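What follows is a pair of complexes built around chain A, which joins chain B in one and chain C in the other.
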Partner chain A sequence: MFQNKDLWRSLGNNAIYFCVHLLMIPVELAFAVLLNSKLRAAKFYKTMVFMPYIINGVAISYAFSYFFSPINGAFNNLLELLKLEMLKQNWLSDENIVNFVLAFVSLWRFSGYHIVLFTAALQSVNHDIIEAATLDGANAWQMFRYIQTPSIMLMVDFILFDNIRGAMQVFDIPFVMTNGGPGYASSTFTLYTIKTAFTFSNFGLASAMAVAIMAIIILIYVVQNKIIHKFILKGD
Partner chain B sequence: MADLGTEKNNALKKPLFSAKARSVIAQIFKQIICIGMVVMVILPILLTVFASFKTKGDMVNTSPLLLPEHITLENYKKVLTDKYLLIGFANTGILLIVSIFFNVILGTLTAYIIERFNFRFKKFVVALFFIGMLVPTFVTEISRFKIINGIGLYKTLGAPILIYVASDLMQLYIYRQFLANISVSLDESALLDGCGYFQLFVRIIFPLLAPATATVTIIKAITIINDMYIPYLYMPGNKTQTLTTFLMNYASAQQGSWQTLAAGIVVIMLPTILLYIFFQKYILAGVTAGAVKE
Partner chain C sequence: MKKKILCSLLAAAMLCGLTGCNGGSGSGESGNGDGLSCKLVFAIWDNNLMEYIEANDMEGKFKEKYPNAEIEVEKIKDDSEYWNSMKMRASANQLPDVMFNKPFTLSRFQEYLLDLSDTEACKNNTLAEGYAINGKVLGIPQTAGYEYVYYWKDMFTEAGVEVPDTWEELKAVSKKLQEHFGANDPDFMAIALGAKDEWPDYPYMEFMPALVNGNGQNWNNMAKTDTPFAGGSDINTAYHRVYDLFTSGVLGKDPLGLGNDQATNLFAQKKAAIIALGDWGLQNIQNAADSTDQLGTFYLPVRETESEPFRYVVQGDSFMGVTTHSKNPELAKAFVEWYYSDAWYPGYLSYISSASSMSNFPKDKDPILAEADKLQPDGVPVMYDGGGDDFTAVQNETAFDYKKLGAQMLTDNFDLDAALAELDTKWTAARAKLDIK
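The block that comes next holds the complex of A and B.
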């Protein structure tokens, strides 16, 4: 198992999803703060932001296949419109970018979930603390950094965990959009495991992979938790 | 002279904009970000809808960003008359009704017993639910597959039903939270009046749990409709297609013909979007309740 190059490559692709999503978590949090602040039509925006999560994953994967398709695809067309022709690509068949495109689709689909969870946590932050901070003249950034973020640490923890679990288990988006291709360029660990088990009927090897991925999830979680908490404690 | 001096001072202290103007500017700024977000969410969906109204010629001649001059409904006709779509609808319908029915019974009963009774190994049972939630489904997939295959449910609707019926931690949590707010004295007085445990549950507890059941049911329904993984693995074959696997088969049959596939995508997307629009309150409540406790 450990000598399997395609498997390592698949795992590397999982890392791309993981990093892209991780980098977006602060943005998601900021967005949640925005939705939670004085904002007209906040309810409508909240509805919209969560919608991708509800939509059928297979349907949206096909919709994005069309969006990024090289022939008459909307995204290339959009680039033309913005006079950015030089950026036109074969988004889903170029080995170097396909994973980022897929990670973007995954982001499109799951960010709303995180934002809604953050919003719910922010709503439960004690109002007295916020009022006191406002009276003391805290600005928006200070409020965000020293009051709101520490108050919702539990939710942050959950979302960080959910992110690892999600990133290590990406399946339907690459399965539908590229089936892991070209070659194994956009394969993921789960895709590879499922293929090993159900296409090549090697159940033993697939089980070993499944156990390995669980160990990886736990390991990343523990390490990440240590880093994040150290960073947060240091910040205070 | 003195007057002029203070005026100058005031002018210096005065911020560039008044507080009101600043809040208006902030509001405009926020609206721009949010509208940008809405455009990002809508765009891929909208363009698919555009494509679904195009003929083959329109696909080449008009920009993907625009509607064609003459809208055609041919693509929708093609999907909606596909006999497998009907099968998909029927199968998804059966899965929904049967799974949710048993799922709600099991879920409410389990939550009730855990919340109101003390028994040996109670903590152990609760811990098992936690472990079930923490271990990724893919890890247990292979053994699950062998079990389903072993009891002869492979390639039948029974396989997904059995999997969906199992209640998960989120559900249990929503029910338990609700039960905790139903006074125990209600149970006691009912028992004193000669009501049995079964009657107590059916007549009093279950109806009181209705709002929680609404949340649980809707979330479960959306999960089942959108699920691709379980039907794909456990029910290959034409007769057992669900809406989602129908779309996958339809897509491979339409190879390269985006306009017909687009109509299929829109048809499959609609049920959950409609559910979301009508039951948004329950969905958001359920999703956040499921996560907050962990």
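The block that comes next holds the complex of A and C.
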């Protein structure tokens, strides 16, 4: 297992999903704060951002594979319409960008779920504390940094864990959109595990991989937790 | 006295028990079925066949010919479960009387299957002898499957090209089509290929090694050598030809960005001039095209020069065989004869879409598919074998995925010779590890 370069490459691709989602978590939190404020039509926006999460993942992947298609693909046509032809790419077959395209689809699907979770957590923050902070003259940033964020740390922890689990186990999007290709350029650990089991009938190795991914998820979670609590949120 | 009578009756009953299920003609049975009697177990996995059997009272029809025979159809959920079950039953001496095989399982069960070469069904079957193992016909294929290259005749005429007869001609024709139509349409593909899905390259990657020298047993032969991918081997030759074609620009601007559905639809809309698919592909094209008046077919020309025979792939499917575990081999053989006779086979053949494998019951091909035969009246069919247990074991050990390899040929910086050399190294190690001679 350790000598299999395609497997390592697949694991490397998982890291792209992990990093892209991790970088987006603060943005998702900011959106949640915005939707939690007195925004007009906030309910409508909440529904809209949550919608991609409840649509079937295979259907989303299939639709996006047409969206990024090199022929009659809506995305390339959109770029043409905006006179941005120079940005047109082979979105699903260029080894250098394919994983970022797939991570974008994953982001489109799961960000709304994170935003709704953050919103729910923000709504549960004690209003007395918020009122007291307002009376003390806290501005929006101070309110966010010192009142809201510490109050929803449990949810932040959960979302960070969900990000690791989701990124390490991503399957449907690369399976439907690229089949892990070209070659193994967009394969993921789970995709490779399933191929090992069901295409090459090597169930022993596939089982070992399944156990390994569980260990990797726990390891990353522990390290990430330590980093976040020790260095980033040390004041809290 | 009573004891003596009882003993005599018991002895008579035991004798009857021992001889009761004989398949011989001396059992004194009446009817027009040569007196064959007893029960046969017939194992299948195919849902279509099961539906047809139930709707058409197979047992009743068989009884008309053999009134004392009974047929028990044992339907197993799917083919994977079928093979697992048959493997276990083979070792437990409990195989059914009649079973179906795939081309690649014939070698696995060869010890348990009787030779059917003396049957009328075998003599009338166009494919059976091609799949004989050590001169023995172990199964009679129920259907035949063919592979075609679909093309638009009007596009060929407009570009001034003709149906290719050799591999070089295919390359030249594709190139000319790409230049002609690609000049005005940057999205045009001379050959449509949904390489994103990987499997659509199977007409090239799976069948071409067998077609280079007409060796349908190519995969099985590969399992017997350490370096099957070395220069000069059939697979090396075939994959270099495929690589040359795939990298010549005739697959359009981004075949790796398209799946088979998209490629087929684009072909149907005449955004591509050629597509290689099996006989099953015709329906997909007909569904997506406005008109198929100009649609034609030819067989994939793999030969290098016209002096070589023109070979095309034919696959037999569902090989009906009689097992050595049958207590009534004569009746089981009679069932095979009956199955492939006028009493059953023509009806079933018209129920399914596949082609006939029997010369005495020909089934007219769709006129579009029949064009390929008209273009190559002297074509030589190659009986394709999907690879037996040894090949599958080495393939799994080395993770040799020919369809993925075909898609990888389209990526930047792909080195075919290095990939084949790496496969040879893995192959040698796998054979040693698995102790395959």
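We take it that the second predicted complex is superposed on the first by the 232 of 236 C-alpha atoms of A that agree within 3 Å, B and C clash if a C-alpha of one lies under 4 Å from a C-alpha of the other, contacts with A are read in each partner's own complex, and residues count from 1 in each chain.
We take it that a residue touches a chain if its C-beta (ideal position, glycine included) is under 8 Å from a C-beta of that chain, and two chains touch if they have at least 3 such contacts.
From a predicted model like this one, the values you see are computed outputs, not experimental measurements.
Look at A:R165: by the touch rule set out above, it reaches chain B but stays clear of chain C.
In the superposition on chain A, contact of A:G181 is made with chain C only, not with chain B.
Of the two partner chains placed by superposition, only chain B is touched by A:N77; chain C is not. Using the contact criterion defined above for the overlaid structures, shared-chain residue A:Y66 touches chain B and also reaches chain C. Measured by the number of chain A residues touched, the leading partner among chain B and chain C is B. Of the two partner chains, chain C is the only one touched by A:F200; chain B is not.
In the superposed model, A:T47 makes contact with chain B only, not with chain C. Of the two partner chains placed by superposition, only chain B is touched by A:L34; chain C is not. Contacts of A:M214 after superposition on the shared chain: chain B is touched, whereas chain C is not.
The intersection of chain A residues touching chain B with those touching chain C, taken from the two complexes, comprises 66, 69, 72-73. The residues of chain A lying in touch with chain B in their complex are 31, 34-35, 37-41, 45-52, 54-60, 62-64, 66-67, 69, 72-74, 77-78, 81, 108, 112-113, 116-117, 120-121, 155, 158, 162, 165, 168-169, 171-172, 176, 190, 193-194, 197-198, 203, 206-207, 210-211, 213-214, 217. If you check the complex, the residues on chain C that touch chain A are 187, 195-198, 252-254, 256-259, 262, 266, 271, 392, 395-397, 399, 401, 404, 407-408, 410-412.
Residues 23, 27, 30-31, 33-34, 37-38, 40-45, 47-48, 51, 59-60, 63-65, 135-143, 145-146, 222, 225-226, 228-229, 233, 243-244, 247-248, 251, 258, 261-262, 264-265, 268-269, 272-273, 275-276, 280, 283-284, 287-288, 291-292, 294 of chain B are the ones that touch chain A when the two sit in their complex. Chain A contributes residues 6, 65-66, 68-73, 90-93, 95, 178-179, 181-183, 185, 196, 199-202 to its touches with chain C in the complex.
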